[in-house]
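Below are structures written as structure tokens.
First chain A sits with chain B, and in the next complex the same chain sits with chain C.
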Partner chain A sequence: MFDIAVFLSLISLGYFVGRYLEKRHYHSINTREQALIKVITTNTKRPLGTLGKVNKVELVTGNAVISVDYFKRVAAGLRKLFGGNLTTYETLVDRARREAILRLKESCQGATQIINLRIETSSISQGKSNQIGSVEVLAYATAIYADAPQAGKQATAE
Partner chain B sequence: MKYQARLPEHNSNISHEHPLKEFALLLAGLAIIMAALYWALGLAVDYVVPMISPEKEQHWFKTMRIDKGASHWISQDNTISPYDSPIFESLRSCANIEVPLTLWQVDSDQPNAVALPGGDILLFSGLFDHAPSENGLAFILAHELAHFKHRDHLRSIGRGIVLMTVTGFISGDSAALASLLTPAGLATQAQYSQTLESAADALALEILNCHYGHVGGATEFFENMLKEQDSSAIAGIEQLNHYFSSHPETQARIDNIEQLRQQLGFDKGP
Partner chain C sequence: MLITNTEEIPGKNITTCLGIVSGSTVRAKHAGKDIMAGFKNLVGGELTAYTELLGEARDQAMERLKDQATQIGANAIVNIRFSTSSVAAGASEIYIYGTAVIIEDAQ
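Take a look at the complex of A and B:
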């Protein structure tokens, strides 16, 4: 009896708290993405269009680690048996990726362009069973701080 | 080509289905598979058990028998001693059990009795408070003899192994999943066990009638248990526990024994 009570409280705690936190995180992600949308961010090797005088170029990184809740873990355990899309973990990866890029952008406010954006992902508890299921996403890029191009020239792709 | 700063309108990287829907679907699928496996293997156990003769059983479980000179059972807290009962041998012959059985008394507050594979029957001393008369105790002894006769101890071991194996195979290394599945299995097993208890009660009445010529005192133990429950337990919790309990609820059991007595036409006794 006691075991079941513990399990049910853990799973509902995971479900309700996990869902609330996820909703809050997505809200934060959406607002911040909207606020930072003006910064041109690409994965190209060269900046888009024409830049004015380049003042500074630097390597910027953003890093996020997100963990699953108890409910998602149990649901994933069930999914593991039957196969198919591991939907409960999709938001985990999506949130980690977007959060990492946001942190990267926030770390270089005032940059004209962010180029060469790369993303790497890893599982912190890789290979160990019954460990915390979490994902780490590292985003790194080159931030360019430049003056506005001289009059008459528009920013266009090469 | 102009660079356009725009966010996607729709997040196609994540599923927009309700997570509980998927969870319920998967859980239901798994429960069905597990129930089917458990049911099939349980039938296999029921098929095999009657083929094991008491002699064969005693031979197989020889190493599991309680040592004649043992003073403790399992833990150091439970002292154990051979229990001398003048009526036991007579009840045993009434039950047509030919192999020798050993009766033990275990010091414990629990009012319980267990038939172990190999031929040891344990009486927990809490029993004696609830069954003070000879007839009351005789019914409990007859009930355990009935379990032995029906090979119920082997069935429950067999089903226990089946349950553990099925749960283990399905949940694999996921402890969380195992804790989700085990209660479901235990509830199923409890349900099965309750039907065995009723069958054992019926045979116990026959044994009692064979020895005394009547079945007086058969419900003494349960009536005393009921009195104690009424004064202590909260009805709601009792009801919930019944779902996981291996024995029928006390009042239902008394009614059942009375019904069986009438069906078998045994004298109620003094």
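Take a look at the complex of A and C:
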């Protein structure tokens, strides 16, 4: 009886608090993404268009470890019986990736372009069983700080 | 030491290639602040302790990479790649590798 009470309270805690936290996190992600949308970010090897004099080039990284709440873990466990999309884990990795990219962009304010963006995901197991508890996402890229191209050498979209 | 994950560096020319350099570190994830992370696991969200831990581990691997490159006389490392693998339950290895080169300013 006591076990069931603990289980139910953990589930409801995970459901309500977890949902509130996720909503707040998504809100924060959306506003920050809007603020940083102007920085050109690509995963191509070379910078897009023509650059002026290059002042500085550096490696930038951003990482985030996000974990899933108790309710979602139970829900995913049930879902695994039938197969199909585990939507609860989709938001988990989505949040982690966007957060990591945002941290990367925030670490190089003033960069002209961010090129060669690579994303790497690894799952952090709790050591006990195989279940996915949390994921770590690392985003890394090269930030270029350059002057505006000189007149006559207009930047092209190619 | 100039470090990029692109094959070439805008505004610089690569004159000499010195070969692959690498740096790695193995860290346990369950040290210290693990109890807090356990509670955080119930409600979900960011596990700040782990984020910091992995960040520090990566900084250390990066230091080792730089030391190795300095020893062989490089002034830049290009085409850096990161990789994470779990070697044992609760511990993970962070491995960084790249190509050490000598660069000079482009004309």
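Basically, the second predicted complex is superposed on the first by the 147 of 158 C-alpha atoms of A that agree within 3 Å, B and C clash if a C-alpha of one lies under 4 Å from a C-alpha of the other, contacts with A are read in each partner's own complex, and residues count from 1 in each chain.
Everything that follows uses one rule, which is that contacts are C-beta pairs under 8 Å (C-beta built on N, C-alpha and C of every residue); 3 or more make two chains touch, one makes a residue touch a chain.
None of these values were measured; they are calculated from a predicted model.
S.K.: Based on the shared chain A superposition, would you classify chain B and chain C as clashing or fitting together?
M.R.: On the shared chain A, the partners fit.
S.K.: Thinking of the overlay built on chain A, is A:L81 touched by chain B (first), by chain C (second), by both, or by neither?
M.R.: Only chain B; A:L81 stays clear of chain C.
S.K.: Just chain B (first), just chain C (second), both, or neither: which does A:I4 touch?
M.R.: A:I4: touches chain B, not chain C.
S.K.: For A:L59, decide between first (touching chain B), second (touching chain C), both and neither.
M.R.: Only chain C; A:L59 stays clear of chain B.
S.K.: For A:I119, select first, second, both or neither according to whether it touches chain B, chain C, the two together, or no partner.
M.R.: Neither: A:I119 stays clear of chain B and chain C.
S.K.: Taking C-alpha centres, what angle do chain B and chain C open up at chain A, rounded to the nearest 10 degrees?
M.R.: About 110 degrees, rounded to the nearest 10.
S.K.: Kindly classify A:Y70 by the partners it touches after superposition: chain B alone (first), chain C alone (second), both, or neither?
M.R.: Touch status of A:Y70: both partners.
S.K.: Quick check on the superposed pair: does A:P47 touch chain B, chain C, both, or neither? Answer first, second, both or neither.
M.R.: second
S.K.: By how many Å are the closest C-alpha atoms of chain B and chain C apart after the superposition?
M.R.: Superposed on chain A, the two chains' closest C-alpha atoms are separated by 12 Å.
S.K.: Can you list the residues of chain A that touch chain B in one structure and chain C in the other?
M.R.: 70, 72
S.K.: Using the touch definition up top, name the residues of chain B that touch chain A in the complex.
M.R.: It comes out as residues 1-3, 5-7, 11, 13-15, 17, 19-20, 22-23, 26-27, 29-30, 170-171, 173-177, 179-180, 182-183, 240-241, 244.
S.K.: What residues of chain A sit close enough to touch chain C in their complex?
M.R.: 10, 13-14, 17-18, 21-22, 25, 45-47, 51, 53-54, 57-59, 61, 63-70, 72, 92, 99, 115-116, 118, 120, 122, 124-127, 133-134, 136, 138, 140-142, 144, 146
S.K.: Which stretch or stretches of chain C touch chain A in the complex?
M.R.: 2-12, 29-30, 37, 40-48, 50-51, 54-55, 58, 80-86, 89-90, 92
S.K.: Okay, in this complex, where on chain A does chain B touch?
M.R.: Touch residues, chain A against chain B: 1, 3-4, 7, 15, 19, 30, 33-34, 37-38, 40, 42, 48-49, 70-75, 77-82, 85, 87-88, 90-91, 93-94, 129-130, 155-157.
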